[in-house]
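Dumping the structure here so I can ask a few things about it.
Letters A, B, C and D mark the chains as written, and numbering starts fresh at 1 in each.
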Amino acid sequence: MFEEYDDYRKQIREFGLKEFTDEVAAKYDRGEEYPDYLRKKSLSLGIVDMQNPAKILIAIEELCRIDAGLGISVTTPYFGAEVLMLFGNDKQKEFLNDVYSGKYVLGLGVTEASGGSDVAHIKTTATKKGDKYILNGSKMFITNGAIADYLVVLARTSDEDKPHHGLSTFLLNTKLNGFKANKLTGKLGVRATNTAELTFDNIELSSEDLIGEEGKGFYYIMTFFNISRIYVAAQGLGIAEGAFDKILEYVKANEIKDENTMFEIADVATRIEATKELTYNAASYLFKFEPRPQLTSMAKAYAGETAVYASEKAMEILGANSLEENVERIFRNAKIMEIWEGTSEVEKLVISRFILKGE
Amino acid sequence: MSNLNEENNILRDTVREFCEKNLDEKKIEEEKIDNNINSLLASQGFMGAKISSKYGGSELDDISYHIILEEFSKYSPSIAMKIFMINSLYLPSVINTEYESYLQDVSSGKMNVSVDFMNNKYKLEYGNNINGTVENILNTDSENIVLFDGKTTIVNGPFKTREKDFMGFKGLKFGSIELNNKYNVIDKNSRKEKIMEDSYNDLSAIALGIISGAVDKAMDYSRVRTVFGAYLKNYEPLVFRLSEMYSKENILRSILYSNLDKYYTFNFAMNSIVEIARFSVNTHGGYGYFKDFGVEKFYRDAIILKSVFYGNSELKQLSNHVYSEKLTFI
Amino acid sequence: MSNLNEENNILRDTVREFCEKNLDEKKIEEEKIDNNINSLLASQGFMGAKISSKYGGSELDDISYHIILEEFSKYSPSIAMKIFMINSLYLPSVINTEYESYLQDVSSGKMNVSVDFMNNKYKLEYGNNINGTVENILNTDSENIVLFDGKTTIVNGPFKTREKDFMGFKGLKFGSIELNNKYNVIDKNSRKEKIMEDSYNDLSAIALGIISGAVDKAMDYSRVRTVFGAYLKNYEPLVFRLSEMYSKENILRSILYSNLDKYYTFNFAMNSIVEIARFSVNTHGGYGYFKDFGVEKFYRDAIILKSVFYGNSELKQLSNHVYSEKLTFI
Amino acid sequence: MFEEYDDYRKQIREFGLKEFTDEVAAKYDRGEEYPDYLRKKSLSLGIVDMQNPAKILIAIEELCRIDAGLGISVTTPYFGAEVLMLFGNDKQKEFLNDVYSGKYVLGLGVTEASGGSDVAHIKTTATKKGDKYILNGSKMFITNGAIADYLVVLARTSDEDKPHHGLSTFLLNTKLNGFKANKLTGKLGVRATNTAELTFDNIELSSEDLIGEEGKGFYYIMTFFNISRIYVAAQGLGIAEGAFDKILEYVKANEIKDENTMFEIADVATRIEATKELTYNAASYLFKFEPRPQLTSMAKAYAGETAVYASEKAMEILGANSLEENVERIFRNAKIMEIWEGTSEVEKLVISRFILKGE
């Protein structure tokens, strides 16, 4: 699948191998610093060809295979764009061009400190006042939070009986008064990515900042996650492949031939192959606008577990050699795959719900 | 625990109180174990837990030693690793050699020491002096180190060291040592293999502490964190898994202190530790990924412990033991 | 095993010798346990292992009882299940009721009895007589059975039974019973839940026997079978896994006999049993798939034991115990 | 993948549901009897369209989903045909038509008592004597052994330094003098299939019975297994799907909603989906004559484990209800998937070898 992009894949991999050297990866990992120059460099590759999501998928996979911290940093400044693309007004869609061109960094502000994956119960409010909305509240674990120029933000615009009603999405300019971002440090992995806690203190939003219709925010965000999850699956796949590269490199260099290690190689390889097929297959439905959310959730949950499994296996097989920074970094990067964009637990409920409904 | 007596329980409480009163686990991870902490540990007899009283040590029995390792590990795996290096690795390396008197300064916390146990494949060029690099060694701030290279060798500092940022046991300085020093052979045989095999239960005790710390954090969190309108402890799959992990913790404690065959205990510990530490991170959701919550360190230390100390050769030793013969593998 | 004394070891040897001398495990699987075997088991005091001497039982302590269950289970899980049904299920059902004198005939092997523990959802229509069907019951050739239906009830035969071919514990007759009999309420409360929870260690002992039997067979086979020009015991992945299973067997034995919390022991037993029995079949290759080799029966009995006796409600009990509270789940 | 055969799939499933009733499945399982009438009935469906291996694959999957004992019985009387098709002479190829038409039952005699998956070390000999070969030896665990009219047999025709040299394949008529088949009973599962131990006592074979060239038998058989493994993967996939059917049926009928069971459903479903994609993907390469043996081995090993995993989960989730004969039979059938046509262990060595060679 996606063989037609083999050339593009090669091109991306070459870029990654050239730019994501061990030194660069280590530097931004240690310093917890966002590599903005790599974002700019990468733009020339057409990584964000929104007309061609398959290319995005492949870019994510190949770049995360080399280093997930840098790979995600480079492919995530467009995070949230699908919300605007699908539900935004013409001006907002036009604005996206500035995101794609690299002028602006975008982000998505949904998760809150009290909620985790529980989107329906967010507490941030956008209270209507004349033709304005006054935004108050806070957000947690927001990728690009402290570097984004704009954020797609989910807030409560009215109280309804059902908590997932009454939510709306806005395009927030982070230069506005009342916006504060507190960069969070001390992450286990993907430390080159920027993560922040946000507070909104009486930020004045105009009605033009509203995305789509008022009260439909929950639906927009769920639609978005059903798309974005496939990219998380690709991150997980890439990390697993990167871990496997390290295993093979080590086994070949040290001429390891013992049968137990051969079995481990077969097990990891089989799991990665299954991850790849689950991911590509779910993506192919999604990309022809016939999404099958249970397949996407399967791919995401399985890929997350595969990333962790493969990286742990790399550590174990390499033994003391796993302490080498370029291997242990993979291990540290992998864990988040089971957590963000819906924990594996949430995915499993999605899967079983769809199955019991009768697909 | 049936095999633990009143005295054991008092010791356990003592270590716990010591940690809470004197140590800041986050500071240890960030600023490393300093001389202050060394002295404190020494003053309470933890540093020389197994060292003979002749050299100022506490000369504790195995059970007491394991309680110390477990409790420190639960609070700060780095401290446990430091005590382990001294008592399980350094002590048996120098005992009954002309250097065993070094133990005096070790148990008093005056002398930092290290032992190369990382299965290094470094090449040492022997001459009058010893030249070469010891890669990946913990306690780079040591005054002397023990190396195994067919023989058992001791090398005195000062050393030219290069520190590296290290993902595991962050309280200890880690890096490489450029040797250009005098060396002394203290045993013409390598003591390493026996030392490592003798340390299985000690490592299981460290593992138990990590497991216990990880399970505790996760269970505590499940009691206070709400999501989708309910406490985490009201979600079946999460609670079932945590309860099974708590079961494993208790089984490990039981077999460790009832002195079951160390091979079985070690295997059980190593097969449980990573999975449990990982699930503790998962239980904490996004928060688990940040060091502030003090849970991701268990995951890091768990994988290091397993990767460094448990692999094919340990499985071979287990198999030889189980089959009561030296097996050959194709 | 540290917790087992000389007397325990003698009992273990006695059971082993009894099995080898008197029982043919393949014949038991094919022809069921007959009156002959019943009498034999009774004459040695196995049938009434836990029954009071007042009723001719052996009045054994828990450790001795578990040794009996383990050893019989290792040889023939069906025999162990029979003894379990009498001593762990029937005995506590009738004790302190007017029917406890039945235990006399039970311990002497004169009376076959059964207890419905299969979580049956049958409907019984009470009247003067009891009417209805008891589905999936072991020991269909019983003279009386205990049923739980809000109350604890005893029903005397003769019964109209329909035997079914059954995949597990094949030594026992299995099927359904069409009731059209007199019944007596012997306790107005159902004793079932407590009986089941009290039997965790007994079931763990049966599991241990199955595990031990499966591991033994596989290890023995690995010593004699050659493939690709080498003994199976020269293949790393196979030997590593078998050795880890042997480790688990020993851990289970240790925690069972050292009387660790029964919830943890039971969880460990149930989480190990199927995987170990399965791998024993795998080790035997094609031969493992045939009953002649006496190993597939462990796999069948293992899954039955786990499926029938371990599920969500047992995990809930474990969780309540671990959290020291009655949890509610969303 | 293979969506173009959806109608065929439906047709096969209808046949299976109609013929493989619980009663029939139970009867042949209990009696360890081969259901020859079902073989004959099934012929009308074009199950053995050798021009169209995708149809074979689908038939195996769908029939094993309903009952593996009957499903394998009906789809295996052609076992070994590919050896003749690929390497046989014209007469032998012509003979295949009688197999496809149902006139003859075919089988494959490779495995021996001492060898298991170790094909190179077989001990059966075919000693040349004039223009005849004298066949002596024995075979073990031979599917169709006691019902086959003909068997493709591997035997040693010369002693060579390397044990896998010097082996040749023959087409053996089981009516010949010196042939004896001893039906093996007491199988854990797939009890409707026929399994036998064979002895060859000075059977006279003519040189016309030789398949292909003398000395190339090992290569022929390995080529065959690289094909047939994909069908075993399909058996495993079908069994897993059948087990999952039972889980869903039970969960729906009893309105089970607890979260733990929901997670189990998601896990089993994801593993089955991965199995399906691994199997179909490997098959699609194989069927366009671009076999990728490591993908086939991955599919086979993974499918075998999935069959066992899903059937064990069915037992556990159904609890006491799993004792119902139609559920426990699935459990008993599943185990063989990890054993025959190369144990999972052998597959893992194949996989790691291919990977380390650099694919």
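Methods note: a residue touches a chain if its C-beta (ideal position, glycine included) is under 8 Å from a C-beta of that chain, and two chains touch if they have at least 3 such contacts.
On a predicted model such as this, the values are computed, not experimentally measured, just so you know.
Participant: Which chain's centre, taken as the mean of its Cα atoms, is farthest from the centre of chain A?
Facilitator: C
Participant: Quick check: more C-beta contact pairs in A-C or C-D?
Facilitator: More contacting C-beta pairs are found at C-D.
Participant: Averaged over CA atoms, how far is the centre of chain A from the centre of chain C? Could you give it in whole Å?
Facilitator: Distance between chain centres: 51 Å.
Participant: In angstrom, rounded to a whole number, how far apart do the mean CA points of chain B and chain C lie?
Facilitator: 42
Participant: Averaging only over C-alpha atoms, locate the centres of chain A and chain B and give their separation in whole Å.
Facilitator: A distance of 36 Å separates the two centres.
Participant: Can you list the chain A residues in contact with two or more other chains?
Facilitator: In chain A, the residues touching two or more other chains are 258-260, 263, 345, 348.
Participant: Residues of chain B that contact two or more other chains, please.
Facilitator: 228, 235-237, 240, 312, 315, 329-330
Participant: If you look only at chain A, which of its residues touch chain B in the complex?
Facilitator: 30, 111, 114-118, 120-121, 140-141, 184, 186-189, 258-261, 308, 312, 315-320, 322-323, 325, 328, 331-332, 335-336, 338-340, 343-345, 348
Participant: Quick one: which bits of chain C touch chain D in the complex? Just the residue numbers, please.
Facilitator: 118-120, 136, 164-168, 226-229, 235, 237-238, 274, 278, 281-282, 285-286, 288-292, 296, 299-300, 303-304, 306-308, 310-312, 315, 329-330
Participant: Which of the residues in chain A come into contact with chain C in the complex?
Facilitator: Counting only chain A, the residues touching chain C are 258-260, 263.
Participant: In their shared complex, at which residues does chain C touch chain A?
Facilitator: Residue positions touching the partner: 235-237, 240.
Participant: Please output the residues of chain A touching chain D within their complex, sorted ascending.
Facilitator: Those residues of chain A that touch chain D are 248, 251-252, 259, 262-263, 265-267, 269-270, 273-275, 277-278, 281, 294-295, 298, 301-302, 345, 347-349, 351-353, 355-356.
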